[in-house]
Amino acid sequence: MELDFSEEQERLRETVRKQCRDHASSTAVRAAETSASGYSTELWQALADTGITAMGIDPEYGGLGMGSLDSAIVHEELGRSLVSLPLLDSAGVCASLLQLCGSQALRQIWLPQIASGDTVLVPAWQEAACSPNTDHWECSAVTAAGKLQLHGEKVLVPFANSAAAVLVALRHKGALAFALVAADTLQLREQPNHADQKLFAVDFTGVEIDALAKLDAGDATATWEQAMLQTQIAVAAQAIGGASSMLQMANEYAQQRQQFGQPIGAFQSIAHYLADCATEIEGARYLVYQAAWACDQGRPYAQLAMMAKLQATAVYRRSTVTGVQVHGGMGFSADADPQLYYRRAKHLQLMYWDTDYLEQRIAAEILD
Amino acid sequence: MELDFSEEQERLRETVRKQCRDHASSTAVRAAETSASGYSTELWQALADTGITAMGIDPEYGGLGMGSLDSAIVHEELGRSLVSLPLLDSAGVCASLLQLCGSQALRQIWLPQIASGDTVLVPAWQEAACSPNTDHWECSAVTAAGKLQLHGEKVLVPFANSAAAVLVALRHKGALAFALVAADTLQLREQPNHADQKLFAVDFTGVEIDALAKLDAGDATATWEQAMLQTQIAVAAQAIGGASSMLQMANEYAQQRQQFGQPIGAFQSIAHYLADCATEIEGARYLVYQAAWACDQGRPYAQLAMMAKLQATAVYRRSTVTGVQVHGGMGFSADADPQLYYRRAKHLQLMYWDTDYLEQRIAAEILD
Amino acid sequence: MDFDFAASERAFISDVREFLTTHREQDEADGVFAPNREADSMLSDSAARRVFNQRLAKAGYLGMSWDEQYGGQARDGIYDYLLNEELASVGAPLIGKGVGCIGKTLINHGSERLKKEFLPQILRGETEFALGYSEPGAGSDLASLQLKAERDGEYWVFNGQKMWTTSAHFADWYWVAARTDPAAAKHKGISVFLIPMDAPGLRITEIRTMGDHRTNQVFFDDVRVHTDYLVGEENQGWLYVCEALDYERFTLYTIGPLRTKFEALVDLLKLTLRDGQPLTTKDSVRRGIARLACDVETATMLQRRVIAAALRGDVPTVEAAMCKLYSTELGRRLADFALDCLGPMGLLRRSAADAPAAGKWEHSYRATVVDTIGGGSSEIQKNIISRRGLGLPSK
Amino acid sequence: MDFDFAASERAFISDVREFLTTHREQDEADGVFAPNREADSMLSDSAARRVFNQRLAKAGYLGMSWDEQYGGQARDGIYDYLLNEELASVGAPLIGKGVGCIGKTLINHGSERLKKEFLPQILRGETEFALGYSEPGAGSDLASLQLKAERDGEYWVFNGQKMWTTSAHFADWYWVAARTDPAAAKHKGISVFLIPMDAPGLRITEIRTMGDHRTNQVFFDDVRVHTDYLVGEENQGWLYVCEALDYERFTLYTIGPLRTKFEALVDLLKLTLRDGQPLTTKDSVRRGIARLACDVETATMLQRRVIAAALRGDVPTVEAAMCKLYSTELGRRLADFALDCLGPMGLLRRSAADAPAAGKWEHSYRATVVDTIGGGSSEIQKNIISRRGLGLPSK
């Protein structure tokens, strides 16, 4: 029972935190929200130079082969500074799918570029009227004359405008499959959203690609499941980072803001809100670490990962509700920072498997 | 828009409150909990003498034909003093069923006795493994040689040991039916329970009754529905009465109990709990009155009645959780009163249509 | 006991509805009616609003509860409330400050000169007011306000700052509480003034909010106002500010918009498919709706208690605190539930082509934040309920 | 980072389990093991308990974390914790006061005489203690205690009253905080004493509780105790009381019972039919279980933080407050959820033949009430977290 990080991990955290401090002030975060790419390319480059984009990729392809706990550290720090990047999408989900399901050729082309951060790939999986349950997805591909003809629309595809290619989830011959589609062949329709993240609807109908662009080497369903479980941990870590920042801001504000002749934090109503927040955040934080640790130990971690995402994003949301309330007028002012956290919290809670889906999965694991 | 009671209604409230003060101190309530009958026969007699047992019954049968709002007033006062009586069971549910479905003979025999309070009838409808949805009930009757042969067990039958007869819900020729069974022919098994109410399991298997004991004159299903909707309002009123008492006790305690050199009610943590309670109670109180008023006005009231029961009992429960917490050690001491309310609240929440069933019904009314 | 409005009140409601239907055909209606929005300030500075206000005035809907000697109709305050419910239900700006706290304070405490200048303008719907109470250091603790007003001959000279003045950028006059006696105890040195919004030295800067609605900071740099524009007596301002809340007891909280939103949500969820099934086939969604239906009805009852107490002639301070506390928290809960039901697509903003309900719930999740903070935060309401309602001591 | 216990700790757990399996075959086991109960005091005054304690002592499980010079094994406090988790999982009484706060306070502050008298008894599992802190006027505000101890030659004379002393009716010795200097500031005039439970003038009366568990009031009427039984220095008692909490930092909160209860509930709901279907086919039940599973895991993490901080050598005051706050509130939520799922049949008590799970949840709904009140109420825990954890000022 030892809940401290190794010195190496502490250094990793410090490195990422410093890079966020340098490149992701709240001014920079606001600028990123309204920029064309939707993220700070300086920060991306700095992280890539440090090897962050290579962390989860096999050394064989220029990666560092690091684990889930290391990834959680990075994402917690990104979340703390509200950093939005195609890191999870490209070096996480897409790299996993390529590594485990891609042909040797595809792996050799793409993985080193992803690892170096030179290229961004993003997954396209959500459909407007579908849950995260893959059985219901409708986008499809048919083979015709050695080509794959695609059909259907994906939505909420992150950073599609910065991606070299999109890895799209398709139904092909009745089974789930993934295929790489060069981004320049695609029509993107931006989907303005709550947290001002770069999200796009992508219409694949009429798109034709080479059959070799399909990831045919592994079990697509199992690989997708693993990639998304890893994603749960990373998003949960982001949520914990964000919640911690929100709590810290609210705490500082409560100590400094005077009303009725004393700091508002001296009022139990405010103090007890924050005590509840702190308790929930610390509990959820170790839920995330435990899931990552179990994964790194090769133990069953699916349930832990889903629980971490469900709980951490719920805690993030509640802590932002408290946080804006404690800030009073500053809580809803666009120029103050609490609202940035408030919006991001709901975003993380609903994206990458939402509450509805996670509750069902977690219950099924316990009951069925 | 006029939310005051008439002078007559205020007098009714004062009468019942006085009778409760005289006969239902918390000592008397404790005594009733452990007595053989489970209720105070003195209070029963006093209420009967005032006409309370006759309130809802047709004048034709010795009743007063009063309305739902009057009934809510009475039950709110009973709830305030934690009075438990077979009033709702006998003069409410059983009288309704007899009035609307009973033969002329049965009505003339039973209703005047119920109205006078001389006789108690109780309904037996719950089954151990069934929801309140009548479609699933399994107790049944078959006709054989002019007799009805009964089969099955009913549970949680209130005050069966004080009843002259039990009005049992049965499946007969595929339809819901009710039949009167003389109590002395029945084996009662007491079911000790959370709120120390008199509840019994009654095994009807092997019991044979005269076919004329079946209530054949009206639509059993519709009548049952109406009787139970009236019950929702009455139980909700009891809950509001109980919640109001609990809040009053907690408030008095918070003003009087000193810690850290001041009354604990000066601490925002305690004060804000009570403010939330008070708000929920006042909202739910008028929900109950509105349901009763709508019923008396001949307007649709089913949804309002179910909402009143769901909300008022939930509010009662929460206010008792708060109430015992505010009372500290006194909150869980058996000799102090908060625990009586704490147990009664959960009882009312689950009996007479529980949360699960009410949520489903209310949703269906809105959505289907 | 009667949960219905009286026959005369129902007749009035019909009249208002007819008026609004007629008005909907006017050119400027699109600029005034916006039933889907959360807050009215986005539309509130439009020219259409002024036209609409003048139509309201012409139809006799402004100042109904004023005494006849001031051009009113001496009607019960409930008519102001009923009018506001109807306005809210079509998303029009409500009648408020002018006929409410400002007009009534002038009637009760203002000089003849001020009455003569302002009351007719208000009745004609010509003048927009902004309310200047909050300051950077005076939010929940309003009585700690610091805006300085110093006497200089026939003028008062203002220096300092106001915060969160919602209508400052389009109002004509500023109703301001300022400190006129810095030596007095904090509630005792405050006076109320009327200041023209275009007074030299008065500078307005925008504060954008998460809910897209605009509010403002207002800076005073030697703003000079004639002594005629002191309202009532010097250093009696706190009394007027507190009394004024009472004048608006009927009109503060409309319940219609919450009910309308709930119904709109039900309709939306019925029509929204996930995995081929309407969301309303999900048990969790169904139960959430059942519970929210109870909560909306509870909020309605809390609102009715305010009305009933006011009709009885009581000052419904505690009733209003309960109503405000419960219904604003419920508004936030409703938006959160809506987004959870809609899933990630619910995150899309109005400007996304495929946003469910044109982004209504995404916006609601942002816009309802202000409700539990502004106009007395939830914590302040709980203080009121526990101290005034329950008699609990304050420390 | 390692969420596992170390190999040596896991080996210890195996040993304890083996010991408990063996013990289960002893005659008195039924009097000691009660995995279904909520609180241990119903069994705690049984003769079986004393026998069991002596067996624990013989097996070397008492005083493991004491220094060797006092007969201990100088093992890390985590072993006391691991032992308690195993005891809790079979529903046996935990090791606690004797080897914990009382033994350790004597070791650190007691006279040689007291050490010699009490430490060996504790190690042999022969003595039961009761803790006398709370009074009618001193609950959350413990330092306001008023039990008077006055010096009379070689004796201290006690007059006054204690409240909520759980084990008073079967304990041998009473560990009591009393006021020895009424003139000093409230924290400064308190001393700690050991008083034989059968001292003349000491009267114990039962307080029955909603959870069926017995607690007591204790009245002192000229109770005389020799000065030898003053613990440590006069008027330093508050220090010892506070320090003592620290000695038990490992053992205070076991998480096993909460997890066991959750699992038992899942099994029960799977087997309980309503309208012919297991309750676990209901979506609302399923989602409730999913959320509670997350909460139980969160409580576990908060408990692990206490252990990890203590192992690191830190005093986990804030960690313990978070763990206590969260897990006791969760325990109440769990009981409420269980009853809501079970419906009206869940109301039946253990003595009803057809009570689901033999009335376990009905009892739990009553018994868990004490958890958020005793041992520092939830509100006190939030004060600790906000002041010591977050650095917020107290008024």
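Lettered A, B, C and D in written order, each chain numbered from 1.
In this section, a residue touches a chain if its C-beta (ideal position, glycine included) is under 8 Å from a C-beta of that chain, and two chains touch if they have at least 3 such contacts.
Which chain is which protein? Per UniProt: A, B, C, D = Acyl-CoA dehydrogenase.
Keep in mind that this is a model prediction, so the values were computed, not measured.
K.L.:
Higher C-beta contact count, A-C or C-D?
P.N.:
If we tally the C-beta pairs in contact for A-C and C-D, the bigger total goes to A-C.
K.L.:
Which chain's C-alpha centroid is most distant from that of chain A (Acyl-CoA dehydrogenase)?
P.N.:
Result for max centroid distance from chain A (Acyl-CoA dehydrogenase) is chain B.
K.L.:
Calculate how many whole Å lie between the centre of chain C (Acyl-CoA dehydrogenase) and the centre of chain D (Acyl-CoA dehydrogenase), each centre taken as the average of the chain's C-alpha atoms.
P.N.:
53
K.L.:
Roughly how many whole angstrom separate the Cα centroids of chain A (Acyl-CoA dehydrogenase) and chain C (Acyl-CoA dehydrogenase)?
P.N.:
Chain centres of chain A (Acyl-CoA dehydrogenase) and chain C (Acyl-CoA dehydrogenase), defined by C-alpha means, are spaced 40 Å apart.
K.L.:
Taking the mean of the CA coordinates per chain, how far is chain A (Acyl-CoA dehydrogenase) from chain D (Acyl-CoA dehydrogenase) in Å?
P.N.:
Between these chains, centre-to-centre, one finds 42 Å.
K.L.:
So which bits of chain D (Acyl-CoA dehydrogenase) are touching at least two other chains?
P.N.:
Residues 282, 284, 287, 379, 382, 395.
K.L.:
Which chain A (Acyl-CoA dehydrogenase) residues touch at least two other chains?
P.N.:
267-270, 272, 359
K.L.:
Going by the contact rule set out above, which residues of chain D (Acyl-CoA dehydrogenase) touch chain A (Acyl-CoA dehydrogenase) in the complex?
P.N.:
1-6, 9, 78, 266, 270, 280, 286-287, 289-291, 293-295, 297-299, 301-302, 304-305, 307-308, 311-312, 319, 322, 325-326, 379, 381-383, 385-387, 389-395
K.L.:
Enumerate the contact residues on chain A (Acyl-CoA dehydrogenase) facing chain C (Acyl-CoA dehydrogenase) in the complex.
P.N.:
For this pair, the touching residues of chain A (Acyl-CoA dehydrogenase) are 126, 128-131, 133, 136, 155-156, 189-195, 201, 258-260, 264, 267, 269-270, 317, 321, 324-325, 328-329, 331-335, 339, 342-343, 346-347, 349-351, 354-356, 359.
K.L.:
Please give the residue numbers of chain C (Acyl-CoA dehydrogenase) that touch chain A (Acyl-CoA dehydrogenase) in the complex, ascending.
P.N.:
It comes out as residues 134, 137, 139-141, 144, 163-164, 207-211, 273-276, 282, 284, 332, 336, 339-341, 343-349, 351-354, 362, 365-366, 369-370, 372-374, 377-379, 382.
K.L.:
Across the complex, what residues on chain B (Acyl-CoA dehydrogenase) touch chain A (Acyl-CoA dehydrogenase)?
P.N.:
267-269, 272
K.L.:
Considering only the defined contacts, which chain B (Acyl-CoA dehydrogenase) positions touch chain C (Acyl-CoA dehydrogenase) in the complex?
P.N.:
The touching residues are 1-6, 9, 69, 251, 254-255, 262-263, 265-268, 270-272, 274-276, 278-280, 282-287, 289-290, 293-294, 304, 307, 310-311, 358-360, 362-364, 366-367.
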